[in-house]
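Okay, so subunit A shows up in both of these, paired with subunit B first and subunit C after.
Let's look at the complex of A and B:
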């Protein structure tokens, strides 16, 4: 028993070394911009860079829009599939898993071929069209996470009774979805939303191939042209990922707590 | 509930139509932004510029440069999948069966959730800052132990460097998937084996591994697909100096005007094929695994 515990500690310690060293290395490097010791100079330079502010702001807005679009598409679908079309379930599940199976680079390649300037729907021809296409692309990438979290949320509530109760009080479908269903699965929606945010904020391949100046391409450009700033950007990106995952954990725990009380 | 709705005919029909309207946006969206683009690529792989059906594009995949790019990609994905499974399994076993304190267990699981999503550009930067020419570990090894990594032929911009970087999201993914499977191993099975005189090795070989192997093999396939589709990490780390399949496709799409778009289709089609096979193996084996782990 003690021998097994020793080996376990060893495995965890070695794993810890492998996983912590790059984080320490990244943080250490980001602090070494000034020769005479540690400083936050690289962060100051990055945060003051108008390019950073512009691309980062753009990606944040795009991530929020992606989440909104994802909710609009996924919540009604998951709800109606559970309530009215259980037979469609395997098809919908399969479709929502596809973005994990087909590499993103292939999906965006398809976009470029279908929606180019000489096609029926020339989305890549205009600024609005390209941004719209990127938004739809990110919503596609977020489908697996959104659908799974919303569907898990719906499983825990009795949507049949809730719907009947709302209908007997005279509510229509839009009202039922917005006022009854959405608040009940809000925690699940949030965990899908934070995951989506973490994925969209630093996404590179879609943005680069559609020629959109978002945070991902900005980071790659910095990586090729600067020494210390990329590490500062990596620290920022890592902090965002941590924050998103931490918030998911927090909300999930909170929801368990409230379910128990109910 | 469903039957009662179905048995009420005409009066409730509009409601059924409305329900269809509720799922219609999803299907429209999936068709336009998932199915049609993919179908376009797949069909394009079997057509030439004049639109005739042909196998020429797939034949071009056998050109030495493309073939070697796929080969490096497969080797890289396979290596990081196998090592990811191995190390991930050891860590998962340590936290589930190794008698470690519980807070450490949940801390490792939380961290795995973060690390498995910390892929792409920032991850590449973290590894350059650690194992690059001026990286933390490179410098520490030189100053403390007199080991010159780069003098010894190591380079972060290489197959080995890329593999080391990919493991950073592969291992945590394995930990996240295999921990529930390990928790499903019942204590009774071990006690039964021990009461029949089995030692630890025999228990693992004859009881635990036969139960776990569908999960292990399935996760291996998933990790393979996971590494195969990763592009951003590789581009941020190596630029385009290491020719792996997704990077070749990336370059092909960027330079589409000059190059042959149908070769791009063929590369993309081959990538879909490989990841689809890997995912199918994962799903099939997962269904098998769920028979045991409940």
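Let's look at the complex of A and C:
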């Protein structure tokens, strides 16, 4: 092994340690709930907690709804911007990046000011309204990831020709989007969807300030009141995120008509 | 009234007029090619017929019905694209059946039609494959089958062979023509390749700067070009500068050499003219009595295999001529004094 390679490996090992050690430490700590040795007791307690099941279930449903809303907003927008208004692309890209620049706390305070109980549209006054606000908020938060991945997907196919081919065969806009465009950017949509899922599952600021019992506030509450369970919960949250990343890879590689890695 | 009538069609993009007063009548079952360089407006006309572009003015009538205001998906026009445009997520069968499913045809009818189309384009066993599993030529056959499956009134082909290699291009163009004849479908074929246009079409429309410069059979277009552009764009051509000596007697001066064309010419004495001449009509050496004989010397020799292209310097200008390769006669060497013969009938007079 040459000296250069040795240094490269050393850098990789150091980087790996930097990322992995805290996780290993956290995992190790989460296994020590019983004094007489390693066990999954903390995980058992967490998973058996009805509050965990309730908040986690709620967040999963919300994440799925956010994904659906995101697809409905982003796919037609990105498609028409590419097809008909390419000049608007930089503007739309900038708009979709705003949630990364504006902190969620600013957005949620804005929501509360505009939609409070004494406003014209008092969404925060009802359970449905609050959930709707949360859903819209999460759709906004997921915009940068969703838009980028869908736009990248659209770049890989010749949407102009595909659209015209479908039109000449008699298809209208709805069918073109549903049957021709969406399936061909499905892998990209899934990437965006999994990222959205990972974001929504752990989101705290929106949920806490709108006073909604989702998984994020539950994790924070657990962290302030228990010793071993928060670590177990953090490991579970990490596992979910990683599973999402893994699924993105899986779908990209094994998509039936994808040419990746063939 | 023709089956497909294009009347006073105009298209402008901003201040730029890309199609100017385009008129054409296409009979049912006719194969028409739009031939011209990039940017001449041929694709824009095709896209207006397809419904992908809205004409600035003018009308497009199919079978007596004005379709200019109709959306592309309501025109029942089949289109084949340069980039194939097959749906990557659908198999070959699903691609071909796409338009029929939209029309709401039954499963059995779709399956039968798809089978028929696959037979027609010679790919009966590839129905289950995805587009990425096919070669370029196969993909374009599928695209053709897909466009024909819906029984369109008109078939539009937008440079369908440009992305293919030379051998496949030749075989596919013969196949397209065979299928077109078999189905008797009215077809417009857009190309910048003159060989494709001349070999496939019933009539060729040569387009230049948004105008149809000439419409005619391949034979007419090649042998009797109406404008200087058509003459230069279609085939190889010698263009010689000349001066009118006697309009009534049809005599012109090629440099110092007087040439008798034996037909009345327009213009006045002293007017500048261009004489156009195909290389295959020029003969090396002295031909029969009636022909015009010019003296000069060999300037260049290009050996192209079966054909030898020789350039002869005559009266300060270059005349290209083609001779067939003869294994026992080596090509003449550069600088050799020679005579070339031209039949006065083959000399076309174009305004300078």
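Convention: the second predicted complex is superposed on the first by the 254 of 262 C-alpha atoms of A that agree within 3 Å, B and C clash if a C-alpha of one lies under 4 Å from a C-alpha of the other, contacts with A are read in each partner's own complex, and residues count from 1 in each chain.
Convention: a contact is a pair of C-beta atoms (placed from the backbone, for glycine too) under 8 Å apart; a residue touches a chain by one contact, two chains touch by 3 or more.
In this text the structure is predicted, and so the values were computed from the model without any measurement.
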| item | value |
| --- | --- |
| First (subunit B), second (subunit C), both or neither touched by A:157 | second |
| Which superposed partner A:72 touches (first subunit B, second subunit C, both, neither) | first |
| First, second, both or neither for A:57, with subunit B first and subunit C second | neither |
| Which superposed partner A:122 touches (first subunit B, second subunit C, both, neither) | neither |
| Partner with the higher number of touched subunit A residues, subunit C or subunit B | B |
| Subunit B and subunit C footprints on subunit A, overlapping residues | none |
| Residues on subunit A engaged by subunit C in the complex (per definition of touch) | 157-158, 161-162, 164-172, 175, 180, 183-184, 186, 256-257, 259, 262 |
| Complex contact set, residues of subunit B against subunit A | 1-2, 5, 16, 18-19, 22-23, 25-26, 29-30, 32-41, 44, 87, 90-91, 93-95, 97-100, 104, 108, 110-111, 113-115, 117-118, 120-131, 134-137, 167-168, 171-172, 225, 228-229, 231-232, 235-236, 239, 246, 249-250, 253-254, 256, 261, 264, 268, 271-272, 275-276, 279 |
| For the subunit C and subunit A complex, residues of the former touching the latter | 50-52, 71-79, 81, 83-89, 98-99, 102-103, 130-132, 143, 146-147, 150, 156 |
| Residue ranges of subunit A in contact with subunit B within the complex | 1, 4-5, 7-9, 11-12, 15, 18-19, 21-26, 28-30, 72-74, 76-77, 79-81, 83-86, 88, 92, 95, 98-114, 136-137, 139-140, 143, 160, 173, 177, 195, 198-199, 202-205, 208-209, 216, 219-220, 223-224, 230-231, 233-234, 237-238, 241-242, 244-246, 248-249 |
